[in-house]
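Right after this note come the structures.
You will see two complexes here that share chain A, one where it goes with chain B and one where it goes with chain C.
Now for the complex of A and B:
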């Protein structure tokens, strides 16, 4: 399967930021997994998944996000998210992912929120 | 279960129904919005299926992080070659979903559409049926996903999909699940074997239906998170196996009450 998802990794404050773009579906498995490994390589306390440039997530994509969340939990690392549209915030509610991933409006508010321990 | 090849729908007809179902997204609305179930706090079961859904009505859905045991990703695949496209496969799978299940199990769903709540009865092999259900969380023309309610053996999602690669179409079932409570976690190795038998038989039936007899199902299991979530140990209160036994034992009392009411 050819992936329509791309990921870049950078550091903002204490956060390792994975900026995703395109479509997060089953074909994004390798992209997401590799991006997380890269983001976690330096042992940051938290990884931010930024969905600002994502225009499509299906249920397989949600399952991939949970896999990342579970892997991070097993490593004692927080995963937070930013840039979700209202629609995908609702999807995170429906799937109850929002019970476990702190959501922020954007990367900057996530970076300051993580430092202050405050929600979005 | 016996699948009658004569009942197979002509492929041209399936193609038409797929195209008819596809519609452009409304302006300002996400193009996948129609594929997701609406947000519900607690599940409801319509009156016609209330008896089958006694362990579902009023329950909340549970994602993998609401379960108790270790988190597993299990994948079953079967190669179907060029006999069917991914879209045709999913159309057929949705339309005949319960028919593909192994004998003795029952799916009470009407349609595989987002938001549908379907009671199910699973043959435990111990002379008892475990009553639980699923919510259709997501459905498009190449995949559909169920989410489980409180009390189900597993907390998580089951995704059924079809995709094309160089060798043609592959059908896939992928589950991302935690055993829902400590009792189910203790029984994981038994349930794992039951699940293998169940989904492999289902996929063989699906393959036969689309013209691939004696298909070989491959299975891959990945332990995603070895940690248990102890704060969810209280999920045992909703355990559908225990409640199914209690429901069975209390059947005579319900019959007497109904008799008095009439």
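Now for the complex of A and C:
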């Protein structure tokens, strides 16, 4: 199945930002892991997953995010997220992903939040 | 042939009159002449080689007497293929001289030509009449069929935790079987099966009026015994003397499984229980025989996993070529096997086909209705109380009891191809657009529908694109419900599985996957899972706080809620 998920990677401050768009479901596995590898290549302390242009995340997509989080943690890297709608914030709460992934409104607030050295 | 011959004698009167006018000063009037089969005159005409002089005959024949009285002098028998098919009767000759031998020869030759021509005409007429009779019978059958189809339900009730199936197969001559489902104002469902004696149009008409009387009184009376008594009194006024109607009325409370039933001489329903097959007995006379009858009302409870069969006598009273009857014990035995409603119906018809010869004509209509209480589970109770916005303060059990008041907002199917859950969620979102769901509720419903549809595609239907996932959207008094049905007999979402634990997943002790069911449970207020052995259904319910749209209104009505 062709993925309806796209990812671009850029650096904002000391954050490596993965901007996702489209649908984060099972078909996004390759796109997401490749984007994480690229984002982590330079050894940033934190990777930001920006969901601002994502319109659908399903349970398989949640599983992919769990995998990315597990990998980042094994590498001692923080994962933060931005751009989630209220509904997907709820899902991050229910799944307790938000216990491990600090949620920000957007990329800018994430960048300044990280720079302020907030949440551990 | 005798009747035909006699008929022909009557029909020949115009020819007789024509001959008379030509030969008599006063018209000769011969009364309708009915020659008895044993009248000695017949053999005389049959064997005559030409015109017969009446005056020369000396026979003890009432017909001869009548002819003489009417002034008949000469009779020319019309014989074709050795069979007497008519007579040409002549009065006295106009010239007052007797009939000459020339006259007789002429008449003899005339008869020789006329008789075969008449026979041909006669045969054509007979055939036309037979064709008309056949056409009339075919027409009647069509009318009877139309009437009957008109009154059979177009669909079976869709009750959560219940599976209702119905089968109706008319005999060629169309008996008077009928069945009906009536939703009562108190939320219960009335199930009716009946059988009118007689066949064809008369049976269909009596069936139509019985159907109308049952329908119009059911919602007012509610109690099956009282309903039958009322309909019986009303029917007695109008029903033709030789006809009556057997009828069983059963009222089901889908929430509890309680049934109340009364029986007007119909076959007893069979109930498959864990202790074997039992008959639901209630006594009462068939409808339309005599007014003022009373009908016993009895009750039973259908437990989860139990199945009830209502049946007309077209099945149990079918005969094989040795005139043996299919019989009730055989039917009870079929019911005793654990099967879904549809499987039970299939088994009944398969046994019947085995019993009767394959090409045997079905004697009477066959009607089978099954009512099956599914062995279902309600998992909404498992939602932890700290589950957040989808918390536990909302009713869950009420969802099933409200079933009879639900109205279908939309119904569609998606092929079992990964990704089609998106199609499903958009369609559901469209169907519930005006139902007063908040934005959050809508988003939660969409996620739950997508997850349940994914399960159905992947697990229930094993990604087989040729299988559909069927989705229905209902409006209930205080909720919106969505059912998602796949072909997986076993539950496609495995219930009491351990909740996914993110700590364990991150530590590699659990797979990263396994969030689907967990998400669904947290998205909706109730999730019910049911299976009938062939189909597996997940029902999702979200409570709607805003003023509900009055029931019966179409989705998308202008009225804002």
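Before moving on, here are some points about what is shown:
By our rule, the second predicted complex is superposed on the first by the 118 of 120 C-alpha atoms of A that agree within 3 Å, B and C clash if a C-alpha of one lies under 4 Å from a C-alpha of the other, contacts with A are read in each partner's own complex, and residues count from 1 in each chain.
Just so we're on the same page, a residue touches a chain if its C-beta (ideal position, glycine included) is under 8 Å from a C-beta of that chain, and two chains touch if they have at least 3 such contacts.
Small disclaimer: the values here were computed from a predicted structure and weren't measured.
With the C-alpha superposition on chain A as described, chain C and chain B clash in the combined arrangement.
Contact with both chain B and chain C is seen for A:56 once the two complexes are overlaid on the shared chain. Legend: residue contacts after superposition of the two complexes on their common chain; A:100 is shown touching both chain B and chain C.
Of the two partner chains placed by superposition, A:11 touches none, neither chain B nor chain C. Once chain A of one complex is fitted onto chain A of the other, the partner contacts of A:87 extend to both chain B and chain C. When the two complexes are laid over each other on chain A, chain A has residues 1, 26, 56, 58-60, 62-63, 66-67, 69-70, 73, 85, 87, 90-91, 93-97, 99-100 in contact with both chain B and chain C. Within the complex formed with chain A, the chain B residues making contact are 29-33, 35-40, 61-66, 71, 73, 137-138, 140, 143-145, 147, 157, 159, 161, 163, 165, 174, 176, 224-227. Those residues of chain C that touch chain A in the complex are listed here as 387-389, 418-419, 421-422, 440, 443-444, 447, 450-451, 454, 500, 502, 505-506, 508, 511-516, 518-519, 522. Residues 1, 23, 25-27, 56, 58-60, 62-64, 66-67, 69-70, 73, 85-87, 90-91, 93-97, 99-100 of chain A are the ones touching chain C in the complex. Residues 1, 26, 55-60, 62-63, 66-67, 69-71, 73-74, 85, 87-88, 90-91, 93-97, 99-100 of chain A touch chain B in their complex.
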